[in-house]
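For clarity, chains are labelled A, B, C and D in written order, and residue numbers in each chain start from 1.
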């Protein structure tokens, strides 16, 4: 099935494997007239690049993006934008152990059942490198949102048992864990160090907030804005849960607590007194901040010995050595941020034809 | 935007408003040769019908389904199956209060911004009656899954603070809350009675388990099986969070705890020792039980007085009287079950062309 | 496969068989705020209704449309518009002869191979009655175009060897063949009478012209406006060829003849001196009249004896009696017109997000 | 709008402009286990390469394809196949004349209206180089068809007034016009020489025949096999008409002539006595040869002086010098062939789930 595209009007199609020639994305449906250069995209790729701290793999990749089409004189032309990042560090090593053996927590077994065989080098299509294409595509979506004054900001909410207890944007980019709480970041670092000592890994939670989203985006039934955000985040490898607003806490609360009163804001516009809903009601943005969270499981590749089987049906022990982050969360922060941006950009473009008043505004002269 | 369809090959398109002529669904892409009659669908609709306990609205609807096309001599023909449920109890009443006033926790405000106006009668397109079409469509998906030996079972995991502590299938359908734990059901009933006394409502959690799902369904990138399940569940009105397997608990765990060892099962086939993953790895089913959960917010319509604004920008008080369930969960159980079935049926049909071996099996003679 | 939908944003999904309970369409993605009532749709259905002349079947169907959803207070709400036409004249007759025998020129054999069996009553899903749903859906598209000042007009260009030699709109609706040339209509009538005498049928050509289409609609690669028009027309049963502008004649001409010079029109706007291109260049409308043609094969159901085989592999003779038009063209005129309207409406809605200037116009405040 | 993708399951997404860094295609949904190397694709690209005869432009491009992903150990893996062809001959020249002036017969004006501006270098996205991506994608579709024993063969049927009168496959690839009739090829060459002398160009007709297509592919309503073929061919730049089987001639014929009798063939299988239908009945393949034709307009770029206007609304004269083929047909033959292959491959994959019998065959064990 054609499962490598995401979005309806603003649509990305990604390609590439960990140890092939590279990874890339074609962004189709981006409006013409958006100022765009490679640096606009590179700065997002740099945030997910490996080798930036002791908590990320040492794989040596510069991850430099090239714009191959769709931009002319510094502006998008409305035609497909093709972006490629060529792989550099495709270490030639011995894959014989993992080529036949199913790593616990990985898609290896499912791939073999589905496709009959797989590109086992470095995880192939299921490698974390697949997210480069999402980030590159999402960076373009962020440019579109910026043109409308909308901002998207993701960060690490928790790592293992360590959760942030404040939001201090000034420290967010100053720690390798992207936590907006310096004290929590320190505790989380200590916790991760212990995990690494134990040849183990940790999960965590990413949070993402969207400011200045206009009301009226998203659809009331299947294409609810939160439904598409849930799909977008759950489609990131290792994500096992998604929440909007109060999320699972809402399930324990009462209507009188959970409902947000509408009020007239200081600017005379309709807004809400509280935001338990996370900025979306009935699938449609309500003009307040959108707040979402994604639960990320611990890195499945750990060097401890684990029990498993091989493709010939024999039980085996496996220890996964090599380059692996002890926690996926920090590098996935920018992936969540850019996937969120793609959903929002698409919902805004899809929503342009919601009423005849707008159709007439664009087409009737 | 055309947002009323769901699925790629097995695709449902729904229509209808709470107080229009009815609600319905067109199921396109259902294979020919599946035995199907109205009773197969009706039994699922009966599970979500109002008026079955003191915890559901008294709206008098028989919700009888008609098959209008796509079935001949008791078998699906491969052409679109059109199902309709005509509304009966469209009480003529005075909507002037809610027509101009935005109910907290509802989509009213978003609708007005998006479309310019709305069918305010009973929630219009955002009414719970919209889910009738999902259930009818999903009942057909369940027939398809049954033909492959796959079963889907959803139930209430918690209501407010009351959570099940056992899974006893024998009591599941014997309490109006669809809890598989008689003691918890009793406690939850008492809790709901208190909510109702306080003119308030409660949230809860739905859990859904899939047995006998074959390995190899779902896609590795955007069309991950869990990503589509997340979208499906989050698209149900009032759902604010979705989890697969351990979900948010995985974020607090370690790799050595969260990884499921592959083993050779008693039947000589590959299976797993544990199932923290919830039956899906890297977006592809692994042949073990699929386990998902959805967090449902409290019913937003409560008769307590609430602060809000009207469409003319004046602040107002509103008390929502009329027919409303104090908790959405029990009637949403069958909606979650049927939406899950649609995702699985679609993934299975989409996956048929994953390898040339299968293409040749079907087309080369 | 889910093949009963057409269009991307303005999308119709049709259902129904000739001898089932009815036929219908769900129109999703129609903007809110379009004035719409059943009569707006009925007048198009009336143009394709059987029994209106000696050249159409005598099947007694009133073909009355019901709007089941998506319209409130006489206006579209932006939610799916469900339209149904219930079958009335489902004559109970003996289908044993055609149930097992493949009618030449029909889809019977293909259906049996594809689906394993078929609803053979009256052609089932492949009946001409399927087009009712297209016409109903297209009537809504026409309302949308009207709101933008765009008109679509189809008519019969030729029947068998008889071609129009003038375009006189005043006679177009005054002859049952929908020919804009009274003399040709008379000759064509005589020709058809001869065909009927010989237990035979005739083909013909439909032409469709669109006035006041704005420039800039359609896409430059796969979603070319003419590519979608070609698909729309070729998807009408019995259509075997499609042309835009000069069509096949362009293949015999030279560049200096075929190119249309751009000029400044009397209103000071850019237009063209000639219109060999038929209003579309490089897949994008150029603001001049769109001109398309569809070749329709002769009605395959003829009462003459024909050679064929049955599903058990025996050779047979078949004579198809019953209700059949000697020519499909006149009743297909309105089908071509409405399918054209759907393509144009969809292209206009899809094109709204082509440039940032428009995105900002709709979303930035 | 996201208009650069084509196909539902076997889906190609193309990118690239004439004078950008290159052109390319991502093929998603290709089954795993298909043997594929660059040479399989290159041989199709070589057939459309410029500079191969005096009737094609002299632009110096080697058009070498690179497989960037989706192939491992010489086999497709089921993941997206990314193919790129980098541009080499991007002559730096003065575009000031065409940057502001609308070339007759080209999309320039439409582009400016739609997107606000355009990449005017060499036609940008509307250049003939866009078809490289189609051919590369279609070459993969042809590999898939070959695995099922299906062959697709396109050729030139006519150039200007010169039409073939025999089909001799042995000469087809021996003349630069790809005509299967040596005498006609000679006459056509002489005709083209005259066109060139007159600073003019010619149109022509491409024909494509498919052998060994199994019956039962294609859908009965909107996704008719011929409807998708019509879209595929009409989406090739310069195509203005499409026919299936007898096409427009069927419109002039009678039912008794046009109907094809079903018979039992020599191999004991159901086939047809004649093939006026062109291998497709009611949208579904009937197991006989598929026969389609496309009318191609004359190359719009001619060096004769033509009347036009510029983007500032002034009338102008324009003479288009530089590298242009006097006829598009010969190089478009392989484009028609590969686009046809994509439609067929997609229809076959989409059709796998048409009946439960097949679903059970693949999924139930």
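Going forward, contacts are C-beta pairs under 8 Å (C-beta built on N, C-alpha and C of every residue); 3 or more make two chains touch, one makes a residue touch a chain.
Computed from a prediction, not measured in an experiment: that's the story for all the values here.
Taking the mean of C-alpha positions as each chain's centre, the chain lying farthest from the centre of chain A is C. Note on B-D: its contact pairs, compared by residue number with those of A-C, C-D or A-B, agree for more than half at A-C. With each centre defined as the average position of its C-alpha atoms, the distance from chain A to chain B rounds to 25 Å.
Chain geometry summary: the mean Cα position of chain B and that of chain C are 38 Å apart.
Looking at chain A, residues 1, 3-5, 8-9, 14, 29, 32-33, 78-79, 114-116, 125, 220, 350, 353-355, 357 sit in touch with two or more other chains. Per the touch definition, chain C reaches chain B in the complex via residues 1-5, 7-11, 13-17, 20-24, 26, 28-29, 32-33, 66-70, 72, 75, 77-82, 84, 114-119, 124-125.
Across the interface of their complex, chain D is touched by residues 1, 3-6, 8-9, 14, 102, 104-107, 109-111, 113-116, 125-126, 130, 158, 160-161, 195, 198, 200-205, 215-224, 226-235, 237, 240-248, 250-264, 268, 270, 273, 276-278, 281-287, 295-302, 304, 306-309, 313-315, 350-351, 353-355, 357 of chain C.
Listed in rising order, the residues of chain C touching chain A in the complex are 9, 29, 31-34, 76, 78-79, 144, 147-149, 214, 220, 348-350, 352-365.
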